[in-house]
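So that we are looking at the same thing, I have put the structure below in structure tokens.
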């Protein structure tokens, strides 16, 4: 694979898609169709399925494979699809990669195996073993709060020499770390660097980052696309305006629960309230109960008003007709 | 299930069996047979498969199910079998539990789901959801270094009210914590409390613990059984003598690598050197290379001599003929 | 200094003395006198001042120096005094060591400097620098929860070669770690190994540990001394009986608050209720408020009844007359 | 104190000054004079002494007080001085605050007490106790890697109601967290929000942050001031150019050691090589040895060439004549 070919250079907003579910073992197919259409029409540059936001590690394996096939079917090549294959068992990662390949996905994403506490040399061996066997190019996925290991800059540099490894998504929230990666990789434009937390997308793109894998783009894809565009072109006034809206979403929708999962629960609950899909969350998480939900209803309305005032949501409405 | 029935009260040495492998996707069946026979003849009180020592989370799912079936076949009810069903996806845990049930296993063991960072209330909900649906009684498995969450004493107390939850295995190494559990549960003898690290088995049994899930019992089961017996009867002189041998094993075999996985790599390498099974380790771990292996050869010989001097290994040799 | 001389071989129960205070900047001298007498008459083998239990790091420096002098005056050589000199500024540690020396203390205790995140080689350099300049022999103090660094077994081994370093107090609660230290140092009886948490004192002494630096011995010194004696002589029946009392104290008095400081707050509150000293806690901790205090009153009474039933407290009462 | 008064609204580049030392107990007065002049002439908006970069917690107390007096003398009111009073003993913080007040400093900075593991309510009580007694306004200082506690956004919001608390310096590197603070405090311009790591200064100022407390400004103050100015005015082209220089400094000077202290050691070594002051580091840190130093010499020269090419250093040279 030539990672400097145009098709392997990812840029822009690639939402980490939530996984619409009816219950522990069933996809919400209707919701999935609506969600995909909503996101794609919103102008995003790709879709990332089976990430943390997609509750990947909580889903039974048949569901994971089915979701890959169905998403590829529904997207119909309108945007590239990235498939999360993060797993503690490398053979299961490889099987899912095969499903991704024959279904027509474009790339794969893998966080470090998250059970054992690995050293950096063990991590390098792991990724090389994996990348050697993958039928599609691979993004590294840094997620130290969940995997207990940070992919150190020197490790990224070493792994970037593998022709099958084409980028990294950083969900650490640590922009000092991310800026070090950008600096280390500045002479290698074929290596794409994305951030997860939407609260830092604008600023990282302003300083050379390649895009955002932002959960909020499940709800309001246009907002994130416009913010990305403003950041790429250096339109700092527009960036400040739209970034404030993202911070409103973050404060109003992602902080209502008591645990680390507040973001995920808030996002799925909001998508349900927006009429897009079911809000079932797979174990070990549980959807918001009445109290959090009623606070979210209020906050969501306020945010929608602000988005309308900024002419983000009107377009959205038209599109859905 | 009546957890106070005799059949559900586990006591003694229950080795966390390593998983003999030929490669990433194949069990070493010959090694498995030899290993099981070696352990059972050694006098253990049960076998725990698919734990951390069994590299459970690294194994492809078909291998996990196959291992359950094959182990039950080979053990032939000589000792009870406990099956690890730890998983991030609760549906996969339930499937493996079904395989355990129809294969004839006696109980199940589950650590907290290890991807998301859960709060204690979320953890309680998870275990209750799981225990409600299991066809066999369940041991909790505390393993904070790998799961990022400690099962707090209050949580254990709450979960112990569930009739399907019959005990806990603690691999934290923190005996202050374990003694708190023993104290909290002292009026509930149907709730079994085991420790993982063999370095602390003797002392916890001396003070009321119910046994050890000790990796070294894969190699030298008699040693651990005798140490357990001495501790239960309060034969402190014998305890001190045999405990010193366990510490020799810990120092000589489990500390030769550079990372957290030294214990696991050393154990599997030693079993290979003892002629019992293959030393292939599944990704993301790798077996010891030449340097560590040659140091381990020396240490293993010294330990065998000490075990012979203490009359542990002679019996072992006879048994194998 | 000859660490193998008898005077440098510490054994037994050495309570980490709480620091009686009237307010942020004043010692409770009356309470201090009563407390010291209470502890010494209780039969302990030494007193350790200015440890974590003594709120050392919270005290203004003049108070620290004054406490050393006053304690030495009051103890009058009846038992050896160990002085905590843990500090982030090594020069302040050295000054306090001088005060300890001229006041007549016997040894010093230092945890790693707790602000910077040190590597093990940096830690070795620090301790060697310190030990080279101390006028009294030094105990290492392992306290990873507060200092963010574990003194690794290899580091202890290396530092034990320094003639001025005579032992280690481990407050990690991790007995697997402590047993490794005992094993590493087994041929060096001049190196004393103590544990902090009283919940594990009995078992570590049973297996070769040299004693306990147990907070509860501020309240009930005889209990801890008898438990230590029983453990040293291997009287396992007595150990189990007295250990159960210690666990009652731990459960009833140290777990009533919401934060990591519950142990410290409970201990100081109980000493106040026992009429020994003031319960003022220096910032950033605060003494228990009404609710926790009233629960503690109930628990303390129950414990006193149990201690009387076991003939621990009767002796105590006589002694105080 | 009126925190909305102009004099209490801090903005811009406020270098965390390193502390020039001759040895463990002596300031390098000559170096201090040169360093202060170098920084002030470089155009900074203030100087922060006795922070982490100033090795505050490692310095003996007389040195801390002397440094406050001497710095105030040397600065001669050209820029405001902020004094770090972080301590585990609140009385020592208060004493240092008095010295700061009578010496003419403008504000104080305090990280959470760093020994005990506090809960957020305990942290609020601590800061309120402290702020009630301070003679100068206070900045909170978030430094979770060193203090083991994150000052949560809700806690900041609560503390911002105290009239004596006028801002926060965040050294977490986590810009997602910092952006949440900016959002929470957006209607309270009298509350100043600064970041520590220079790798993220530009982007946070672009999105509303008030400045940087950046170590590199000890060496090249003009660079950081110009970068700040470019960010405030939204000159994104200039920001990208100068930010790249900062990343060169970060990569070339702060990553040469093996431990967390590489930044500090590199910075002090570079200042020595620049002829500004001694490179003695107080225990428990140690200055770079030959190997790291010789690599730093090479990197520093390259950086100086780049700064000259960007017309940053020429001005610097003129100024020093």
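To keep things simple, chains are lettered A, B, C and D as they appear, and every chain counts its residues starting from 1.
Everything that follows uses one rule, which is that a residue touches a chain if its C-beta (ideal position, glycine included) is under 8 Å from a C-beta of that chain, and two chains touch if they have at least 3 such contacts.
None of the values given here were measured: they were computed from a predicted structure.
S.K.: Same or different, please, for the subunit A to subunit B contact, judged on whether over half of the interface numbers appear on both copies.
M.R.: Answer same: the two copies use largely identical residue numbers here.
S.K.: Does C-D or A-D have the larger number of C-beta pairs in contact?
M.R.: Pair with the higher count of C-beta contacts: C-D.
S.K.: What whole-Å value do you get for the distance between subunit A and subunit C if each is reduced to the mean of its CA atoms?
M.R.: Centre separation, subunit A to subunit C: 50 Å.
S.K.: In whole angstrom, what separates the CA-based centres of subunit A and subunit D?
M.R.: Taking the average C-alpha coordinate of subunit A and of subunit D, the gap between them is 35 Å.
S.K.: What positions in subunit B touch 2 or more of the other chains?
M.R.: In subunit B, no residue touches two or more other chains.
S.K.: If I apply the definition of touch given earlier, which pairs of chains qualify?
M.R.: So, checking each combination of chains, I get A-B, A-D, B-C, C-D as the touching pairs.
S.K.: Which part of subunit A faces subunit B closely enough to touch in the complex?
M.R.: These residues of subunit A touch subunit B: 24-25, 52, 57-61, 88-92, 95, 112-119, 121-123, 125-126, 129-130, 145-146, 148, 258-261, 282-286.
S.K.: Looking at the complex, which residues from subunit C come into contact with subunit B?
M.R.: Those residues of subunit C that touch subunit B are 172-177, 179-180, 182-184, 197, 199-200, 202-204, 206-208, 234, 236-237, 239-240, 243-244, 247-248, 250-251.
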